[in-house]
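Shared chain: subunit A. Partners: subunit B in the first complex, subunit C in the second.
And now, the complex of A and B:
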């Protein structure tokens, strides 16, 4: 199967997991990685730099309508929703917060699922909010691959458990297993 | 909830264009779809056909439509560092020393958050007398809403925090009153603002503008329309006029980008560059 993108959502307790994933991806990872992580609205800088430190692929906060490229990671900027627009472009939005969140993981996943359908891999990690559950369901409804971090491994289980309650998923994996899975793509 | 497909959205574009002469077809598709779906839920409209009939029903619904498809500003003093820069680096020089009234244009005002932040800064600097502010909106409802001063309590909390980070000179509570469900902004600060209705193609735009405050609006357009709108903004600016966009709206990507020089990269402040 030829996948177009990986999208990862996480909140409290996901930073270390994302860092490990980015650290283990090959430099030539064949698709873009979209990161929608809850973050403080008013802190604009620091996060992308921290994620970049140990990442094997460049991590950027995209500009509006930026074209996605493989072997790069795109972090949703503070206080913007990040959508997938037609023609492989990012679109940003300042619409109301969803699940008290901007960026909202649900909105990022829903729009990515609409854009990539069965060619999307969605991953939900540790978090203290149900944002992301509905989004991953949409990935599944559109035929994409759905992965949830093993709640037993999560620092905070609310996000992964709400997701598993809402939708069946393809895989429940530990961080090590997620890394193995991505490295086989 | 109805999910709108591309065909539905195209039909909606066509109806609006045929009935009112507004062309939404170059708006960013994903956001516009979200706005339409939200509007349908809020107004109990169950399918595309019903929405189209409502749109055709006349100006009253269409004004509401224009209001609800527009995205309001998030909270007051978003990006406090920009507002600090405006106060400390920009207004002190540009406005205080200006010989004529300094014309500022705030296009696409939906809820007035940016406008209200602007008048507070100028008020605290005692410069309101020296400026002429023109706010343009696409719906009458926006003008009513802004003049009424009603403000969502959810946004108030963040606005208060932002104002603290801006290091405002007053207590933010001087600027609003609370009732049970809403905050009401003290609208007397808006007395000198001129409100104008505009179409989405920015007809009726003010000319010889010294500063255009246009943050987080370009994101709702596709790249072609972004370029067109930037060209229009460029034409509306006076020589050496300034344009401020949202911090993730990169005008260097657009065709007109070469005509603007960067004044403050982090806050996305640009200056019109005049060909020599």
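And now, the complex of A and C:
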């Protein structure tokens, strides 16, 4: 099975996990990694730099209509929703926040599920609200692979638990197991 | 309410047939979501929406207004306005006339940001500021220069960063009072732009997607921020063509922080800092 993208959603407590994942992916990771993480509205700089520090693949905040490439990570810019359009392009939007969030993890996941269907891997990490639960359900409904970080390991478990309440998932994994999984792709 | 691909295509087709609006090249994901919201807000299903659109032009206008996105702020992204202040406007200080176009100005906050900055740089008298939008309601709001206060306290921080502080010299502080440009009426929860600013710009309804330049002048600066994100890649290129044709040589285009020129027009502009200069 050839997968086309990995999408990761997280909020409070996810930064360390995302950092560890990025630091352990190979330079030649065969697909793009989409990151939709909640962040403070007015903290617009420093986040990409922090994630990039030890990452083996470049991490960028994408421009609107930018075409996705493998072996790169794309972080949803602060204060924009990030959609996946067909033809591998990202689209940004300043529409109203959804569940008090912009970027909304649900919207990013729903549109990615729609664009990549069974060729998408969706991962929900630690977080303090339920944004992302519905999005991961849509990944599953479209035939994609669904992974939730083990709530016992999460700094804040609201996001992972509400996801598990809403939908069955393929894997509940610790950070180490997520890393192993991704490295086998 | 979810909107299927087929529903979406039907809506676009109906709109095109019952009005001069063509949304067929809008960015699909965002527009679909807006359409779902419009249907829910109006408690309509797609069939009844389309039927009403056929016979009621006022209703079509209302739907178009509801479906477009109108997020904007005073001095949104202060670093961009600092660049306008310290890198872009100074190049025009010897011009006898400066023409500026705010394309897709929404409720006008960036128009007033520009007017304030021009006044601080003593350039306001010789500048003509044009502001256009597809939506006549937001243009009326822009003309009135009235904004909610409580919701927008961030405006004041942005103002301080661009007008009072100098990012290149932390010792400099220009204590420009807000009242010079707008009054804050806390009891009515309003920020009111001053009359002297309000009478300056020329506001006009204009559709970037279907119309040519209807302002009949060329421009030194075109600001079009967080507008083209709602267009698909092909339509973005049409709009870049329109802008390119209507900039003076050495004129520049200023886009939203995460917008850029991809594709064929990327070679016709040169990016310097936050501005795309016409080649």
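The rule is short, and it goes like this: the second predicted complex is superposed on the first by the 185 of 185 C-alpha atoms of A that agree within 3 Å, B and C clash if a C-alpha of one lies under 4 Å from a C-alpha of the other, contacts with A are read in each partner's own complex, and residues count from 1 in each chain.
Note that a residue touches a chain if its C-beta (ideal position, glycine included) is under 8 Å from a C-beta of that chain, and two chains touch if they have at least 3 such contacts.
These numbers were taken from a predicted model, which means no experiment stands behind them.
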Side-by-side fit of subunit B and subunit C on subunit A, or clash: clash
Which superposed partner A:83 touches (first subunit B, second subunit C, both, neither): both
Which of subunit B and subunit C A:170 touches, first, second, both or neither: neither
Which superposed partner A:111 touches (first subunit B, second subunit C, both, neither): both
First, second, both or neither for A:150, with subunit B first and subunit C second: neither
First, second, both or neither for A:91, with subunit B first and subunit C second: both
Partner chain(s) touched by A:60 [first = subunit B, second = subunit C, both, neither]: neither
Intersection of subunit A interface sets (partners subunit B, subunit C): 42, 61-66, 77, 80, 83-86, 91-95, 107, 111, 114
Footprint of subunit A on subunit C - complex, ascending: 27-30, 33-34, 69, 71, 154, 226, 228-230, 232-233, 236, 256-260, 262
Interfacial residue positions of subunit B with respect to subunit A in the complex: 28-31, 34-35, 71, 73-74, 78-80, 158, 161-162, 165, 216, 218-220, 222-223, 226, 246-250, 253
Subunit A residues touching subunit B - in the complex, by the definition given at the top: 41-42, 44, 61-66, 77, 79-80, 83-86, 91-95, 102, 107, 111, 114
Subunit A residues within the subunit C interface of the complex: 42, 61-67, 77, 80-81, 83-87, 89, 91-96, 107, 111, 114
